[in-house]
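Letters A, B, C and D mark the chains in the order given here, with residues in each chain numbered from 1 onward.
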Amino acid sequence: MFQLPTVQFTEEQEAFRLEVRNFLQEHIKKGTFTPKCDSWLSGVDPSFSKLIGEKGWIGMTWPKKYGGQERSTIDRYILTEEFLASGAPVAAHWFADRQTGPLLLRYGTEEQKQFFLPKIAKGECYFAIGLSEPNSGSDLASVRTRAEKVEGGWIVNGQKIWTSNAHICHYMIALVRTSPFDGKYKHAGLSQLIIDLRAEGVTIVPIKFLTGEHHFNEVFFDNVFVPDNMVVGEIGNGWEQGLAELAFERSGPERILSTYLLVDELVQELKRQGNKEGLKQAAKLLSRLWGLRNLSIGVAKLLESGDAKNVAIPASLVKAIGTKFEQSVPEVARLLVETYPKLDAERKFDRYMAQSILHSPGFTIRGGTTEILYGMVAKGVVAK
Amino acid sequence: MSEMKEMILDVAERMLEDHVTKDVVDVLEKGEWAKDVWKLFEDNGMISVAVPEEKGGAGGDLEDLLNLVRLTGKYAAPIPFAETTFANFLLETGNLETVDQVATYSLQEGLSLQNGQISGTLDNVPWARHAKHLVALVQKQIALIDLADATIQPGSNMAGEPRDTVILNNAKVQSSSLLTDEQIFHLKSIETAFKIALMTGAIEKINQLSVQYSKEREQFGRPIHRFQLVQYQIAQLAGETAIALAAFNNVCAAVQSDKVLHEIAFARIRFEDAITTVTAVSHQLHAAIGTTHEHALHQYTRRLWSWRDEGTSADYWSGHIADYLLNHDDDLWAYLTKTTGAAVKN
Amino acid sequence: MFQLPTVQFTEEQEAFRLEVRNFLQEHIKKGTFTPKCDSWLSGVDPSFSKLIGEKGWIGMTWPKKYGGQERSTIDRYILTEEFLASGAPVAAHWFADRQTGPLLLRYGTEEQKQFFLPKIAKGECYFAIGLSEPNSGSDLASVRTRAEKVEGGWIVNGQKIWTSNAHICHYMIALVRTSPFDGKYKHAGLSQLIIDLRAEGVTIVPIKFLTGEHHFNEVFFDNVFVPDNMVVGEIGNGWEQGLAELAFERSGPERILSTYLLVDELVQELKRQGNKEGLKQAAKLLSRLWGLRNLSIGVAKLLESGDAKNVAIPASLVKAIGTKFEQSVPEVARLLVETYPKLDAERKFDRYMAQSILHSPGFTIRGGTTEILYGMVAKGVVAK
Amino acid sequence: MSEMKEMILDVAERMLEDHVTKDVVDVLEKGEWAKDVWKLFEDNGMISVAVPEEKGGAGGDLEDLLNLVRLTGKYAAPIPFAETTFANFLLETGNLETVDQVATYSLQEGLSLQNGQISGTLDNVPWARHAKHLVALVQKQIALIDLADATIQPGSNMAGEPRDTVILNNAKVQSSSLLTDEQIFHLKSIETAFKIALMTGAIEKINQLSVQYSKEREQFGRPIHRFQLVQYQIAQLAGETAIALAAFNNVCAAVQSDKVLHEIAFARIRFEDAITTVTAVSHQLHAAIGTTHEHALHQYTRRLWSWRDEGTSADYWSGHIADYLLNHDDDLWAYLTKTTGAAVKN
């Protein structure tokens, strides 16, 4: 269960990597964006997303008929790595590209695919994730938001929370209860609906992050009408679909590289100082990053080859260990190079340090806590 | 500590509990500060608690003062209490007259003194914009400066506390006094003790918030403190809190008996572990809610993250211990067992 | 609940510390013993125990009429620290001094006190701990060894396990079931008996430690007769007494100093090398040791002042964190000074390293695992 | 890996599973070794698996050999398989004729070569007492020595494996060959790859034993894998095992494609974490039973504790990376992304 494929990049892949890298470097130079840690959550920039869409770099693995490029999972992996390593502002289209697209491709109707996917691929249509609710926390099955059947659709009432960037998104795929809650069969009666976030009855309220930044939201539904053609997959199958959706997001490089800019700046500072002892310590960080990256790429390869049944455990491991690694980066780095972390510091090291520290509490919580992941891994391992 | 002292601290704690609510701490982010709380402290004689009565102070001792500082840390009180009282401690060390308005201080290098005038730039001076006085170390002298004579550029640390740039251009020295190297080292020690006090308070509060949350929050149908991994988190927090408090108390005892002060070095070094653990574990325990601005947790974790890189660093103290070990032949065990309860002057 | 007293040693106490230290140094020089890590478990030397007994250093806090010295808990703390810091072979009398004595003083009959305590204090009578059983592990209440009432005493059948040094001990205080096991009230019906390990029906079988050393044993009871006057405390009160017995042993310096010799040798090596960077890292280890020692001494002081109700949490913390610290010492030390750990190495650093590494798995298991301690701490903290 | 290769490894693994029981591993402690297992390996052509067919070998490649080494680690096989095969790898690197009896090797410094004779003392040479040949590095030469010409003092590592002192006093060189610095560096890399293989196997086995125990052992009326803290332990072991295996496979791929070899450096450094975690966590999970000699766990944990301080150290490899970074201007990210899949010769 631990044997993952190794990946040797082809020359074409290496060339693609350079293409992306050069593109990003150019835009950093031009001032299109300022690199930032954790940019896949906090770097919202619709005009940059459009630019990326124009390059064909959103939904690049999807069928061409839906606006995709039919490129490989490994190509997408490379692309994502380059975005993260350069701290590019990809947050606006992130979830639509990573989760919504694959979900719709798997469960969506032909109409939905034709309508949404090309828009997403252009970088013009953003989706929010509608799983968490107040008091549900790690216990997704306790979802309370309900949808009642009416003529031609559903009436939704309830509330979602921790919705990243809902305030700039166009739609949400919400997990809702389409049959009454039954404590015994909590997983039954859940369904997924696409909700237009501009629809009547939708209210979006910001939840300020501890820095005061606005990433998260509460989204309230007050008799929101959702037409029948916005049901994703089967009514009652929402639990399974929701879990599948989560699996897509466990093992990507964003579970390792959210603080990469700081690693990079650490090494640069140490090189400037000619500090060999410090670089030896940094090499330990790099070895951890390298070890995780092997896993993460291996999972991507496994996903590409369709070997989904062996993906769950290593994917959970990437997230559990990767996010702890991300969290450890500032704690290690600050012992190697003197710093006064400040969000508006001129020195990059101090700025990335502040970004990393202040964002770090989220790494091991968002999208399923480390504790939940441990349990999933253990249950998986023991069952084999 | 005497019962009398405990009573004073109880009063101070109740005052802080009543007046320093989360909203009051938040005012910092609008560039304001808690003048009312400052007034309360003033009215209760707390600003001058370690200033001897004959000099017009309230006549407590350093242990009292450190405990008050700990309490301001425990409530994240947005007032320059530690700064003002330490500035006065600096003045006293130089045998200079203390001040009774808001003051701040700097032990940074880089100032120059010529003809009774000081020039240079100081980074990240706490609370400068709200302070009347600056007490600074300039070429082994302790000097009092009126901040009206300085240019101040506002800035803030990761917790939103004022950390300003102070530019001095031939600023007039109000009073000054030459210190010995030993005195300067002692100042660094006591400054570190102040930091330890603040940090201890914040750690206590984080522990309290976490235990409380673990009882209130339910998941999968039961309070989360019933889950073994949350128990592990609670135990880690309890451990770091107990160690921090014991370290702080030992520091107080050492300072009090004027026995300097490997206690301070060890405590400060040990707080690095404590801060890493306490901030990470408490946030993990609180999960999403703890990452919101609305919840109070970040008022303490952000302060710990900021404070640990301010003032004399743990790295300095590790170096201090390393030098001591390199330059002394005594057996390590003899050295360690002497640090508690016996004088080990450097 | 976290406020512990600080201790400033008196001049008399400092003098006593020096007395002990000089005594031990002298005997190291004479070759009476070779310092060893974890000597309180593995350093069995009855003749040394007798020597210690002659000094009045066993049971030194006990009443004089039972062979004690009526010295303070702090004096005993100092004594114990010095034993551990010098790696003295105190294992033979260890448990009798630490646990059996206090237990008998609290629950024993006058006859038992008069008979056993002076012998223990002389270093001539050793006790084994009879709590664990196969399959009981951390679940003490599942004790199965049973005692049946007969004329004038009890007949014991069953088995104890992990009994440290039973092969050199004279007696065991065994927790046994004196009423039939009741799944609902597992804690009821347990009692403590003093069993003569030379009695008929007692078989002691060594359990080799992973190094091949012999510390642990299985002790089998086959119709062993125990006279009535060997019952400790009340019949049926064994659970409570057993727990109290465990509390005596949680917070001592042996939960911090089992690998102290390695710390010491680490600092000496670094000093020899003039390695300031290494010493800075070592200072971190020392700060952890110092932090734990504050707690441990504080608990000792609290015990002396009789404030037993506030002892449980900090005592468990000392053990949980202290034993993890002991375990971390070789892992940190080997990164600072090059080593080839070998049990029979000439270089002390290598030898202490091997001893520390090989013994380290036991630190966080013996006498209640870290996991159990976490649970106890959390429950205690939440209940306040 | 090809299916063919996987089949060979399956055969080898079954052989080891059947023949290397705990008792067989224990014979080391009596100073004996598993000659029968060696014979089996010999009969199945495994000793010469990476020796080309034209030189009388079995004609596999280095990836096959490293996987066989991994399996000997996974079963703690008490035979000098890694040593003999690496000794032959050394001879091949020097274009010397390989040997077919038990051999050992040393890359230690401190030997001197004069007039075709070698003198000096080598510490902790693995398996020397049971070996016929020694292949040693002497002043940049690779040299074959008959151990009949040496004085051998037996010793052992923490796992009880033979680590002998070999004293050479004008021992005759059977064959020798001068190496370039690049070749010598390559040898260190491949030696490290052998260590990584052994360690990977031991980690796999420890993980296996732990999962199994967590299912068998009951506490408080249920199997311990139902407890959250044990699940945490299982997850940690799974994580380290997955990382170790992926690292090992990447090392194989790199070695195989003759692309040297930051993969090896990173893997070796990363194994320090893996060993610390895996040994501590597995023992904690097994609790008391795992500290007994009777249980097999220590046969693997003691090996990991020993192996990590044998051969070219993680510290050396950290230094190697540090030097590389200091002496090259390329962007770190470019460097990191090149190490996988592209040649980064040093």
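As a working rule, a residue touches a chain if its C-beta (ideal position, glycine included) is under 8 Å from a C-beta of that chain, and two chains touch if they have at least 3 such contacts.
Please read all numbers here as calculations on a predicted model, not as lab measurements.
Asks: Kindly list the shared contact partners of chain B and chain C, in label order.
Replies: D
Asks: By the contact definition above, name the pair with the higher C-beta contact count: C-D or A-D.
Replies: Answer by contact count: A-D.
Asks: Rounded to the nearest whole Å, what is the centre-to-centre distance of chain A and chain B, using the mean of the C-alpha atoms as each centre?
Replies: 39
Asks: If you average the CA atoms of chain A and of chain C, how many Å lie between those two points?
Replies: Centre-to-centre distance between chain A and chain C: 51 Å.
Asks: Which parts of chain D, given as residue numbers and ranges, touch two or more other chains?
Replies: Residue numbers touching two or more other chains: 227-230, 232, 315.
Asks: Among the residues of chain A, which ones contact at least 2 other chains?
Replies: Answer for chain A, listing residues that touch two or more other chains: 277, 371, 374.
Asks: Can the chain contact pattern be summarised as a line, a ring, a star, a complete graph, or none of these (other)?
Replies: other
Asks: What residues of chain C sit close enough to touch chain B in their complex?
Replies: So the residues of chain C in touch with chain B come to 2-4, 6-9, 14, 17, 21, 81, 85, 260, 263-264, 267-268, 270-271, 274, 276-277, 279-284, 286-295, 297-298, 313-314, 317, 320-321, 371, 373-375, 377-379, 381-382.
Asks: Considering the complex alone, what residue numbers of chain B touch chain D?
Replies: Going through chain B, the ones touching chain D are 227-229, 232.
Asks: For chain A, which residues are in contact with chain B within the complex?
Replies: Within the complex, chain A contacts chain B at residues 132, 135, 137-139, 161-162, 207-212, 216, 327, 331, 334-335, 338-344, 354, 357-358, 360-362, 364-366, 369-371, 374.
Asks: Once bound in the complex, which stretches of chain B touch chain C?
Replies: Residues 204, 207, 211, 214-215, 225, 228, 230-232, 234-235, 238-239, 241-243, 245-247, 249-250, 252-253, 257, 265-267, 269-270, 272-273, 315, 317-319, 321-323, 325-326, 331-334, 336-337, 339-342.
Asks: Within the complex, which stretch of chain D touches chain C?
Replies: 29, 123-124, 155, 157-158, 217-220, 227, 229-230, 276, 279-280, 283-284, 287-288, 290-295, 297-298, 301-302, 305-306, 309-310, 313, 315
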